[in-house]
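These notes are about the structure you will find just below.
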Amino acid sequence: MEESLEQILELSLTLLMLGGAVCACVFKDLLNAVIAAAFVSLMAAILFYFLQAPDVAMAEASIGAALTTAIFVIAIKKTKRVEEE
Amino acid sequence: MRILISCVLLVILSLGLVFALEQAPFGSNQIDNADKPGRFYLNQGMEKTGAANVVTSVVVTYRGFDTLGEVTILFIAAIGLGAVFHSRKKVKRYEKEKQSASLILQTGCRFLFPLIVLFGTYVFIHGHLSPGGGFQGGVIIASAFLLLFLGCEEKKIPMKSMNTVESLAGIIFVGIGLAGLYWGESFLENFLPRGMDYMLLSGGVIPIIYIAIGFKVGAELAGIVAGLIERNP
Amino acid sequence: MIVSIFLLVIGAAIVLCLIRLIKGPTATDRAVALDTVTTVTTALLVILALVFKRYIYLDVALVYAVLMFIGSVAIARFLEKGI
Amino acid sequence: MHIAGMIAIGIGVLFLFLGSFGIVRLPDVYNRLQAGTKCTTFGCLFAVLGVGIVEPAWFWKALLVSLFVLLTNPISNHALGRAAKKSGVPLWDGSVVDKSRDFPSYANTEKL
């Protein structure tokens, strides 16, 4: 693969990660914040895969996107859903 | 205006991240200084340990004591969560407005549960040949139990036997380390004979250690999820 | 050469899903966008394994295909007041 | 063989892009579920099997990946659609038919 295309893909992946992270900070409804955090962890897993670290990508995929999302959702269920000012 | 400024800041930050990551030689084989330990691991890890995956040879053999510490950290976290969730009162379930899962979801969960457990077992047994290992396989097995909690509630998970499995796995891990100290020269040394390279039995003690770690991590995470779900608010 | 066009098109698809994840009026819209992103990502990982020419990288895509629906199921069960 | 596999990957990527485009353009949740379910499952199947055709030694593992996608993706999308109906997301104004009123479990979900 060419050098320029590789740089373009890395730049776009980091931009997508930053966009998702900003969304996770801004949203007031905590369920939406959890969904945005899951998106960030997906993009992080692709970035690890792209930098040729498949072990870390597998750990990030399994922990970050499946288990952490479910644990956050259960925690929201036990407490409150909407964050107050 | 605020949105514009934040967008410009985002672009600057991501450019900085990309150019910082560009400096490191990720995924390439050309590490310049020949006397660095990375060169040693890349060149001789395969012959010394028999693991085709370099990450596994570092994690389990060269840095095995550190892995024991990581497993202990997870164990302490599970104990802390259990202490927080423990309640002396009799647990009465509050299932007034609880919807049950639909038929498709129940059937799918019941069908997919053994397949996911099988896949997790594949991941941690083949940890020295393919990407993955004990932690990843354990998390996959814990996800299977989480799916069982989400999909069909009528299946109960025996938590007593799960605690037994967790303790046995920890004892096996420490016991293999001490056996390496007895028959070999150091803690967690490979004392079993090794077969051909790139085959399943080429790792010596590495698959046994990974089986222990996988069962331990899976049982601990499943216990954490079960404690979270069954706790009254 | 043609594989790079595929990668760019898949990147554009992920950007479109991020737009829906930002805009979506209800939480269910965002969950649908996340689910679509996971499916697109599985295909992207398989194509990247073709680019790098490594057979063992397919295991990561297999993890995605197996595990990614658990997050969506958790969000859905929360929305229908299940768990 | 190589060209046939590349054509299959191209079809899959095109469908993935169209599904994501539908996610942005369609008016409400239920229509977006149509785009996000059928289109992307089909596209993912074609892309993965195309990779299996390009490298014939990889075919069985690619078939396994596509089989798992085919099993898990409809379950999660069914759960999301049911959750949208149960949590009271309204239909689009231009929609003409609502069959869910015929079923007793969905009958009184409007006031939730």
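In this document, chain identifiers A, B, C and D correspond to the written order of the chains, with residue numbering beginning at 1 in each.
What we mean here is this: a contact is a pair of C-beta atoms (placed from the backbone, for glycine too) under 8 Å apart; a residue touches a chain by one contact, two chains touch by 3 or more.
The model shown is predicted, which means the values in this text are computed figures rather than measured ones.
Taking the CA centroid of chain B as reference, the farthest chain centroid is that of D.
Chain A and chain B, compared by their mean Cα positions, are separated by 19 Å. Mean C-alpha position of chain A lies 11 Å from that of chain C. In whole angstrom, the spacing between the mean C-alpha positions of chain B and chain C is 22.
Within chain B, contacts with two or more other chains are made by residues 99, 105, 123, 131-132, 136, 140, 143, 146, 150, 229. Within chain A, the positions touching two or more other chains are listed as 19, 52, 54, 57-58, 62, 66-67, 70, 74.
Across the assembly, chain C contributes 14, 31, 56-57, 59-60, 62-63, 66-68, 70, 73-75, 77-81, 83 as residues in contact with two or more other chains.
Those chain pairs judged to touch are A-B, A-C, B-C, B-D, C-D. Chain contact summary for the complex, chain B toward chain D: residues 99, 102, 104-105, 108, 111-112. Only residues 6, 10-11, 13-15, 17-18, 21-22, 26-27, 53, 55, 123, 131-133, 135-136, 139-140, 142-143, 146, 150, 221, 224-225, 228-229, 231, 233 of chain B touch chain A when the two sit together in their complex. Taken in their complex, chain C has these residues touching chain B: 56-57, 59-60, 62-63, 66-67, 70, 73-74, 77, 80-83.
Interface residues of chain A facing chain C in the complex, by the touch rule stated above, are 1-2, 5, 8-9, 12, 16, 19-20, 23, 29, 31-32, 34-36, 38-39, 42, 45-46, 49-50, 52, 54, 57-58, 61-62, 65-67, 69-70, 73-74, 76-77. Chain C contributes residues 3-4, 7-8, 11, 14-15, 18, 21-22, 27, 30-31, 34, 37-38, 41, 44-45, 48, 51-52, 56-57, 59-60, 63-64, 67-68, 70-71, 74-75, 78-79, 83 to its touches with chain A in the complex.
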